[in-house]
Amino acid sequence: MGNVMGIIRLDGANSMLKELCEHRPVAALPIAGRYRILDFAVSSLVNSGIGHVGVLVSKKARPVFDHLRSGKDWDLARHRDGLAYLPNDGENGNTSALAGLYQNIDFVMRSSAEYVFLVQADTVYNIDFRHVLLFHQNTGADITMVYCKAREDLPGEAASMQVAENGKVTDIAKRMTSTKGSNDFMGIFLMRKDTLVKLVTSTFERGGNSMLVDGIIRHMDEFSIYGYEHKGFSTRINSTMAYFNANKSILNPDIWNELFMSEHPIHTKTKDAAPVQYKNTAKVTNSLIGNGCEIYGEVEDSILFRGVRVAEGVKIKDCIIMEQCQIEQYAMLRDVICDKNVVVSEDQWLKGAENYPLIIAKSTVI
Amino acid sequence: MGNVMGIIRLDGANSMLKELCEHRPVAALPIAGRYRILDFAVSSLVNSGIGHVGVLVSKKARPVFDHLRSGKDWDLARHRDGLAYLPNDGENGNTSALAGLYQNIDFVMRSSAEYVFLVQADTVYNIDFRHVLLFHQNTGADITMVYCKAREDLPGEAASMQVAENGKVTDIAKRMTSTKGSNDFMGIFLMRKDTLVKLVTSTFERGGNSMLVDGIIRHMDEFSIYGYEHKGFSTRINSTMAYFNANKSILNPDIWNELFMSEHPIHTKTKDAAPVQYKNTAKVTNSLIGNGCEIYGEVEDSILFRGVRVAEGVKIKDCIIMEQCQIEQYAMLRDVICDKNVVVSEDQWLKGAENYPLIIAKSTVI
Amino acid sequence: MSKTTCVAMILAGGQGSRLGALTKKIAKPAVPFGGKYRIIDFPLSNCANSGIDKVGVLTQYRPLELHNYLGTGDAWDLDKSDGGVFILPPYARDKGADWYKGTADAIYQNLNFIDMVDPEYVLVLSGDHIYTMDYAKMLAAHRANKADATIGVFEVPWDEAPRFGIMNTDEKDGRIVEFEEKPAKPKSNLASMGIYIFNRDFLDKYLKEDATDDNSSHDFGKNIIPTMLKDKARMYSYAFEGYWKDVGTIESLWQANMDLLQDEPPFSFTSAWKIYSNNPSLPPHYLGRDAKVTCSMLNEGSMIMGEVDHSVLFSGVKIGKGAKVTNSVIMPFTVVEENAVIDHAIVAQNCVISAGAHVAGSEGAIAVVPEGETVAAEQASVGQQVS
Amino acid sequence: MSKTTCVAMILAGGQGSRLGALTKKIAKPAVPFGGKYRIIDFPLSNCANSGIDKVGVLTQYRPLELHNYLGTGDAWDLDKSDGGVFILPPYARDKGADWYKGTADAIYQNLNFIDMVDPEYVLVLSGDHIYTMDYAKMLAAHRANKADATIGVFEVPWDEAPRFGIMNTDEKDGRIVEFEEKPAKPKSNLASMGIYIFNRDFLDKYLKEDATDDNSSHDFGKNIIPTMLKDKARMYSYAFEGYWKDVGTIESLWQANMDLLQDEPPFSFTSAWKIYSNNPSLPPHYLGRDAKVTCSMLNEGSMIMGEVDHSVLFSGVKIGKGAKVTNSVIMPFTVVEENAVIDHAIVAQNCVISAGAHVAGSEGAIAVVPEGETVAAEQASVGQQVS
């Protein structure tokens, strides 16, 4: 797909993600024991043969620069095309993605691409974008929006789409909750480059702030919009519960296989961590364990990121433990999300609720 | 020099650079027919064996991202270390380099480097930083500042240093002009990592805005500061005249050789432009001609960047013509700086003065 | 990072003995061409521009220097994490190593490489032709025709046809009905460019059969293609229009360089179809106060104090005051000292033409100075070889 | 981008016949070790960590697979634009090609590579040792001693010394006074690690002399080092402390893997001195509801439903429900089906151990399943080779 480029938006609905997004955009939130959420979007683009990817730099961009770096881990460190950072100087205090796109519109125009995937990197999936392009070409749509059926009722910002039988989108509504079975927009637009340029400039120059609301919902009749249903696993990370549940979904071997073990792998920053060391007292079930962990204690129904140390006597259940955390002897954790570099000292007990996990902020010592 | 890192500042004194820096930081200003000013700093670091380079991202960063990209052209697209972009979110409206350093101070602290070169990329030179490090270690300085003797009287922001015979710096003063023979600071600091961290945090947290003024000049007695004299060619680009003169200096074959033909080449973004085509009517003397040019007319005492087309009958003298400009038939230009993509139409005459070149802004059609 | 559809195999040839002194120290594909390129830049750039990202370069000769030039393949954006450019010299096997016995044998000896890449199609290219071509279009035609093999052809003047391998095709659909190697009385003027696309399994079968045939000279043109045709395989021609030049001899190499100096060059280096090359980091070239340069191509890092006309100069060349270079090709980092005169010559890399020396050939007898030579003033010379 | 001070030459050996079935399809340096690594990751990572960025890998056997594993060298940050890792198989020359006749001959045949890199020092390494070492420190010692050659040594137990090449040194400054290959009555317990630093010109001279000696077996230990000593060259020992293991046999490979499972592993993979490797993109491994994993190392992409104890599992391994793996090494993408039992075994890549099958060796007679094999349930087996 040499004639297609991707543009990644780092923004997302992070008001319900609390501490987890205090120092990072949603796109940079660690997930599934090894990845950041944007890995799904970037890898899907690259695996679909798209070698030109722009990243709309937002505030709090350091974790994104740290993670993507030169783009080499995605084979995007190239002399031609490859990865490009698109800065947003926030003129007049406007730091919206639309303002960023507008500031970099010459970059889009200069590209030799014919089509653009504009992707909000806040959703977990493994899509072959080539199918979306084919669908787009077959329907003759101006704009294709990718959606999935919501898997459960959950609070969190969602755009739900009415899609006719022939795929035509007849209505779009933004709500603060998602209902099981509704057609939830996955934050993926596909359109011709000139359509995008027109949409961005005309919306921004008329005071618009949101591509979806001001550009599309308010002008539904001006475009022929089609919806492409992604039938595979997909979940948008727009609240702490969505994040918690998404991680636990991946403990289902079928979903683990679908997302990660297909012929299209999800790439991420390589860290050269050693294999996991299970010691003689280890007892681990129904869990994902990232490399570099050292495990003496018990872990159940949980996800451990790279380099976590679980000491003897520890019991961890229904938890997400991010990189480089240390859980010391006889600590017990249940329904807890530990951000990076947390230390839980000896004998500490921590417990959240199944529908309200306790979040321990980055680098806290408890 | 595995234990040394570099940090590049993109800011500079651009108030006297007018149109040339309207859309770019000084560091990204094109120079010498092929380069951007930051190439001198980045190449000097890399050629001195420094493979870990942070770039403090400023406003108007797109030309810098476009130019450095993954860092591959400097062999800085690496899995470990390599090029890192350090964003500045401008909290409280503070977008100074010091604020940027402060925001990214954990990046500096986490590095395994022992020493840091902090370099303001607004100066032309080709330095072996290994000699500076040796000097620093031999003098036992807390801070080493690299300076050169000013080559002429020129207006433009300059920091002039008083340096004792043993190399100790006894005084530093900032002025709006540089005097021939004065010791002009070249914007290069070398210090231990922990010294930098202390200097940045203590200065910023006490309301400071400038590393040099608030961090160093106001606390001269707290540090042992040494000056390292760079005896090779060096010129700071802090005004239009400085820019104009620097380019013309490079028409001196000795300086051309010193800067570009040593065993330490200056690297830049590769563009795969074809060799220059001289046609049968071409007449070019005392000029630098970038690849991709096509020349039918006359060029004297000038610098042409890549992809410039000089039509028949054209006369160009004492000019700087940037990338992709087109000078059409029988146009005559003298003492003119054309920014990128300028078109000068048939029969146009343009003339600035030797000490006041006419600047034609990017993409203008005249 | 996706599966490879088509692998390219560049037959980078042997020692290139017809290029004589120019290939004393480097393999033919590494010979400089056109002011900044090497011959191999053309097929490699065509591959990169056509979206082919796995390339095998088959060479028998000085693989190391070629490896050093190609590096990781990054100049052509072929440095994928799982490898882009593979240099494939004949290497020692259980029974020792053999030179490649012919073009087909070279591919045959590297079937394990093709197996590793596991493509659907194999594109076979030659390493000594100058042209720009979109192989993706040829592959699309190959697929549309449901062909077993597709051969790139171009029209040559009828009187030159007897020097080429000629394809006789069905005019309707381009299917090849007959192939004649250098026919005395050609029935068509469609010449083979030595560019083939094969279905991988199809090629595999014919190469393995050919390898067991002691009477075969293991050559695509002489053996493989005729056998395939005899078997009535679906073989199609793909017509190429544009500049195409074999640069296998001194004269043709010189001529191809001179072709670039025409008022309308045979192809544009500035179009979107760029030719990439692995360049040193050098500044724009400098023309001194007394320089006079006309009808010429010059590259970066050169310093010109004298006169240059109708010539192609590579990077880092120095032309002294009063020196005169005409109708010549001067390769990288050669120094032409004051008042030296060069005409109708190819001067290879790193030579020194001493002050006042003359190097003069003529059309049909181009003078050649081999790599690293110093030509003294008294050594004034004419014709095919100076050393 | 700066001039190369020291080039590393890794003797990646021959077919590794002592590793038998494990090297049927891959060269010895590419044999998996330690859950995610290949043997060659150790010298390569040591080079990268020591700041050596040009490495020649000398192999006689299956260079292509090794090339594919190393790619551009980017996993080790050795993908410099002018080339970092060079695979150097014996290639055809004017007189055909020869196998490397010995360790010294392998370097001798690649002197043109060393000339191209043009270093001051040559570091010669072996490709079948597991250890972490800072070569930069050894090079500093070499320079400080103004040595012609420096040899890495480590202390072995006195009773094992007769199995090694032993250095007798001047206790004051470490200068080597005598070298004995496998001495019956060792005078010292300092064994050669097969790690040499030579001044480049010095090495050049001795290799060229040795090449003309028909009586030489062209081996560093047997010929080159003794000759240098005889000439009273300045040769120094450099003492290494830490874990060092030759993994040239099935038993030693198995043992070295088991060493990693000790309560205090012989070296830390998590220290700053990282071992880099070229990894596929795989997720964290998953342990199912009935999994039981103790005293083991597991890598990414694996799915464990059964029991694993005292074992090293590589990436993408599947262990079915009820299966039991003990005291074993399971290489990438091997599937152990339900209720299969594996003990004291090395199972190579892409094998299938069928449901209910038994593979059992014992200490001193490790069972080996070669790459790609399927072991049927009825094929239960004990001892050195299963296929």
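Going in written order, the chains are labelled A, B, C and D, and every chain counts its residues from 1.
Definition applied: contacts are C-beta pairs under 8 Å (C-beta built on N, C-alpha and C of every residue); 3 or more make two chains touch, one makes a residue touch a chain.
What you see is a predicted model; the values in this text were computed from it and never measured.
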Greatest separation from chain B - chain, by CA centre: D
More contacts between chains, A-C or B-C: B-C
Intercentroid distance (Cα basis), chain D paired with chain A, Å: 40
Averaged-CA centre spacing for the pair chain C and chain A, given as whole angstrom: 47
Contacts with 2+ other chains: residues of chain D: 74-75, 80-81, 276
Shared-contact residues (touching 2 or more other chains) in chain B: 72, 78-79, 265, 267, 270, 272
Contact footprint of chain D on chain B as seen in their complex: 2, 46-49, 72, 74-75, 78-80, 112, 263-265, 267
Complex interface listing, chain A residues touching chain B: 57, 59-62, 65-66, 69-73, 76-79, 82-87, 89-90, 104, 107, 270, 272
Contact footprint of chain C on chain B as seen in their complex: 32-35, 43, 72, 250-251, 253, 256, 259-261, 265-268, 270, 272-292, 303-305, 307
Contact set on chain D toward chain C in their complex: 60, 63-65, 67-68, 71-75, 79-84, 86, 89-92, 96-99, 112-113, 116, 278
Residue ranges of chain C in contact with chain B within the complex: 34-36, 74-75, 263, 265, 269-270, 274-277, 279-301, 303, 308, 312-313
